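First chain A sits with chain B, and in the next complex the same chain sits with chain C.
Entry: the complex of A and B
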């Protein structure tokens, strides 16, 4: 509620101010905003679960769909967390499960269960470059890029995609696959509303747009996200449904045993 | 008609010149709009099924045409130093305009499927960073050899050669990208050699070379023809007339072609070279006649009237038969050849009209002093004359031997024609030893091939290729393709599936096989994507909907003879081993398109040649009002075509497109000699009371001299083309030489020998024909004497 009042004040204040003089308000702390947005986006509650529908559309308009349940448990706010994914679609990969242990200080650990071989195998794809299930989202885009990997600078405030936003430019601290990132943070929800990644030549690599934000169990949640790769004219839409926060998901779930035998309480219709 | 033509230009030479000048300037203004097209794909109409399929396959699998950069070192290219340089080149390529950075195939760009510690798989860049030691560098070669998708594509098994595949946004940037690549290579290099190959670079480079040829060979031929004519006629102001005429003809024709929006293709770039000699030919006849008659007539106007009367009919027929020869190319299903044929036909027509209009106007405008001694002093001095009479005496005296000899030569030539091998390859348009040919040879010697053909298998339902029966058939087909001669390698999604399983099952012996269930196939592909494999790489082999797959076939040689052999071998296997119901197989790729248009070209050219032969025969029968004379007129051109093409067959030369269209030229030029010979002979024969011996004596004086001059001018005039850097231009030069020599010889030797058998009635035509102009002329000539 406090945020809401603040942003309302800011917006109306801006309306009044723009006509006369540029807003002389103190520039917001870019790093703090990025941290807050990151925690809101990727660490809401202590755990969470959702049914996710993903639609990948190629330049010819052809689509591929993914349907999965995702479970998440945080072990430290902004730090270690674990993911569990159960796939319903594509049909021929049904019962495939996937698990990731996110370790912000080192390499993540990942495993996949291949039902046709009844085998659990480790995966170690490069999380920045590798696509997640063939979508426009890289692994890093699913679990969030840690704010401390980049340096941030506040640029301006503006209205973008229906959100009143703070615009922040980020540059990787050490060499990375992109040269610059611009983030639009929604002042209302303090979630990321939009992100654009640029290469060294200033060309757009990919664009994240959040098209629907709702409050679920008291947590502002980005329910619909689209990642576009302009160069390939490809985009992926993710829609979150059946969201639950703070169910007290057991740490046991995130082990090899549950990869083979999915937890019935969270995974429907096996 | 005969009177109108010289009449107007004789009375209003300045007006005629002004009109011609205005039209010429108008046409010349179109020339700067020239658009060059060297894409062999355009040999076929855009809606030709093979092209539609090719485009559909390219789109479905996001494929592009490649340049191939080869790196060769006789020890090994897998050293840290060379790999570092390759890395530098690759990085530069990524930033280059016109290059599709994401699809470059290079060690630092492609993914390899590796075993993961603890038993999984990992898909990662083959060369994540430049190796520090020789061992690490060699390890990359080992990885390539162990990966069926990369093996052969990226490096030779012995490690002496590496190939970088550079995908282009469009083919017309090939040369520009090639030059940039050369510049990068030049900056820093060791002992290793670099070679740039691939069809697009050949095509694009050819386009640039075409311009040079047009700017060098054609003017050289033009200059030499001018000098030869100067030698025969001695007055440069006189000789300028046919030269200007041929320039105007070329400008009008090319101006119209470009103005109408047609692109200048390899074929149409040769239009000027075809038109210059044809345009000059008619003028030589006119000049020869003026040369012979000027001093006998009272004025230039009278001389021109006489010449036009004498030459109108033969010139009309020689021009129209040439028009027919080239216009017949319009029936070939190859658009550039159609355009070529149509516009050469137009040019020939223009040259004919101009020779009736421009030459008289030009002659009238010339100050009489220029012509003071024209036609007097040198008559009878030029070398060919004495020989011409000897040839004639020999031919008539030994007519049995001559005709028998000709028959034998024609039989041998006919056999040669049956041995013709139809084959073309844009790379062969360059001379042996040119950098492109060398690169092509070296690369295809070390590697499985830079010529890429695609075999697309498609089903109707999504996920069709998850069916092990379908994928299994694809595997068998791929094996079959790999066994064809000329095929260096074939790769497909089958290799991906096998490699995933092999690594997933810890490289157990016998695990590199195709998965046996639908779930496994689907899950391996999913696993590939989950393991870091780029979906885009996968989609080069299988569509996202898994309803189509694509087998990449690399071939050593791009000659369509060899490509076709492989295609036929595979098609035979498919006939014996039908695919599962619903699965269809289609071929695509530039090299395959070349095969298709070659096939169309052969049948098309055959039809066009046969059609125009018949049309010309009919024209000859009409012209001479005699079946026998008509058939006799066809002898020199038939001999010319048989002998030149028989030689192509016997010498083992490839029958390629330039050679194919030259049949029209043979037809158009060779018939001209026969027409002039027979028409003039008939006129003289009537004038000399049907005395064959006297007729021949008169004919072998001035008219035969004109023919001999034609032969010498055109044959020698095209010698500069022998030194062209592009093979098709050399071919055309050689053909001009051969056509003139054979057709000329055939006319001057065979015709007198054969004609000596003909009864007088046939030679003179209808005895009591009502021929107003001709008999008046005869009377006038007689009266004057």
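Entry: the complex of A and C
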């Protein structure tokens, strides 16, 4: 963490210095920044695993918790990815597994395995904004919205949430559930520090805040993320732990066999 | 996290003084209370039965409750270096069933890999499911509990466990699954204890003798081709429902009884993404081995069964799906059967989740154009917390003919409420 604050300061210091020179008058390439942030955020390494704790808080302050291990393997940088999720909590879904094959060029494929029935059920996956396990994170927020789905415009630089950021406004290329998105990219880690989604009337639909960034195995990683849905006064905090990158997770982990029989080298028993 | 951690002084509990190790394991499960009421008056027993000396209680008018039970389910998972074991047991206090309180071992199986992880072995009591249908089964001949299904117990109770050895072989172009159950496990069907039913005669059911050749074997070969799964199936065992009839024997002085005739099934399925949803198709040949030419009226004829379905998310947290299903009886002779030559069914599933998926509204409809009967399953589930869940539901049956599947259940129409605490 300290390293990052340091590098943030360093980079922003350099920016401040170079901003005075005429060459800096040219705005940063918004699309290139969004692509870089997306790849850093969702494609770090060739594969990754983490133990994830999720706390969903409703408007009355009532909380629900999710605890799962997530595995990811990239097949192409910025392209196809596969995800595997094993649930420990809540108890009624204990040992349930979930698998998604993300296909940026078309529909994803998703499956859930219900151990009490030994049932593998494919889930239809055309709606990317459906809630992931009842949280404020939509499926699309878990694996990231692809930068090529929107057009991007650099707006300004500013300090936000303790990060020195580039601010970028994005508009969906074709009709979507939001009209505009504003992204704050941390200049130090080149990760997304904050995102706000707006509807057509300019009202905030949801807000993503990254509250903790650390370097793990050489990859800057957003360890704590909060998604808030202001309209419903609901928010979800995600904390990533036990992160490992580039373990050489093999492709066959992301198949029905391991959906039914979780791979114990990556998934803890309890 | 309501974790029940039991620290056991192994020396004390196991009676061995080997080492003072403390074994730590977790115990999870739930406590559930359920009540369900019959919403119809029960009519007369089937006219075909004449006047049997003793009628099951469902007809006696004393069974307004179809569910009145409390249940504790305990689950434990053990993980060793090269193997794992899973246990699920239900302690059930059932005030409708005649046997009252019982302990039901639902799962007790171990799993390990061999031959460089190519072979996966699962042995013991376990649920097994395969095939593509949504509450319709063609190549899945693993035992099902339709009593639990019809009275509104949790979905997991539709699957009865089977005592089986399950071998999976991976690494070839086709994944191979073989399930062998040494003891035939039939479907659990209404017996008159709580649910009324119809059969052509009032007679007991006999199960196959428990000997080696009366086991069941099921095979699946499957392969993913891109995002499409293709599978082939085989089954060698018995009809899962007692469709055969042994007539009374005057010489041996035995009464007539229903039994489970031999059955082999061969089939295939395909499932994959289509137009943003999931589409599937499955078919099977039911080879009624005891009556291949359809000559006997006491054993079911062979059948062809097929279905196709489609499901997609139509808007956020709303899923809708439909299936069409067909059973075609081979060598059909009118009058031999109650069953139509072509039995058809359509199903419709609607599921809406609300309030961050804490509220689930579900409707599943079976409608048979050929039998002119229907079954509507309605439920509202509410997760008050992660631990506390309420389910209110109804099972509505309709049919003019008391001999059809849903028609015979018309007087079993019920509504139920279940409250569950998970730990």
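By our rule, the second predicted complex is superposed on the first by the 241 of 270 C-alpha atoms of A that agree within 3 Å, B and C clash if a C-alpha of one lies under 4 Å from a C-alpha of the other, contacts with A are read in each partner's own complex, and residues count from 1 in each chain.
One rule holds in what follows: a residue touches a chain if its C-beta (ideal position, glycine included) is under 8 Å from a C-beta of that chain, and two chains touch if they have at least 3 such contacts.
None of these values were measured; they are calculated from a predicted model.
Trainee: Should A:250 be classified as contacting the first partner (chain B), the second (chain C), both, or neither?
Mentor: A:250 sits against neither chain B nor chain C.
Trainee: State whether A:233 touches chain B only (first), chain C only (second), both chains, or neither.
Mentor: Neither: A:233 stays clear of chain B and chain C.
Trainee: Of chain B and chain C, which one touches more residues of chain A?
Mentor: The partner making contact with more of chain A's residues is C.
Trainee: First (chain B), second (chain C), both or neither: which does A:58 touch?
Mentor: Touch status of A:58: both partners.
Trainee: Between chain B (first) and chain C (second), which does A:117 come into contact with in this model arrangement: first, second, both, or neither?
Mentor: After superposing on A, A:117 lies in contact with both chain B and chain C.
Trainee: Would you check which partner chain A:265 touches, where first means chain B only, second means chain C only, and both and neither mean what they say?
Mentor: A:265 contacts neither chain B nor chain C.
Trainee: Once the structures are superposed on A, label A:126 by its partner contacts, choosing first (chain B), second (chain C), both or neither.
Mentor: both
Trainee: Counting only touches as set out at the top, which of chain B and chain C does A:101 meet: first, second, both, neither?
Mentor: Touch partner of A:101: chain C, not chain B.
Trainee: Is A:242 in contact with chain B, with chain C, with both, or with neither (first, second, both, neither)?
Mentor: neither
Trainee: Need the overlap of the two footprints on chain A, from chain B and from chain C, as residue ranges.
Mentor: 56, 58, 62, 64, 90, 92, 114, 116-117, 119, 122-126, 129-131, 133-134
Trainee: In the complex of these two chains, what residues of chain A are touching chain C?
Mentor: Per the stated touch rule, the residues are 56, 58, 62, 64-65, 67, 89-92, 94-95, 101, 107, 109, 114, 116-120, 122-127, 129-131, 133-136, 234, 252, 255-257, 261, 264, 269-270.
Trainee: Show me the residue ranges of chain C that touch chain A in the complex, using the header's touch definition.
Mentor: 1-2, 26, 28-30, 75, 77-79, 84, 88, 111, 120, 126-129, 155-156, 158-159, 168, 170, 175, 222, 224, 227, 229, 271, 273, 276-278, 311-313, 315-317, 319, 353, 356-358, 383, 385-387, 389, 420, 422-423
Trainee: Could you list, by residue number, the parts of chain B that touch chain A in their complex?
Mentor: That would be residues 59, 95, 102, 116-124, 463, 466, 504, 515, 517-523, 526-527, 529-536, 544-545 of chain B.
Trainee: Which residues of chain A touch chain B in their complex?
Mentor: 56, 58, 60, 62, 64, 90, 92-93, 96, 98, 111-112, 114-117, 119, 121-126, 129-134, 201, 231-232
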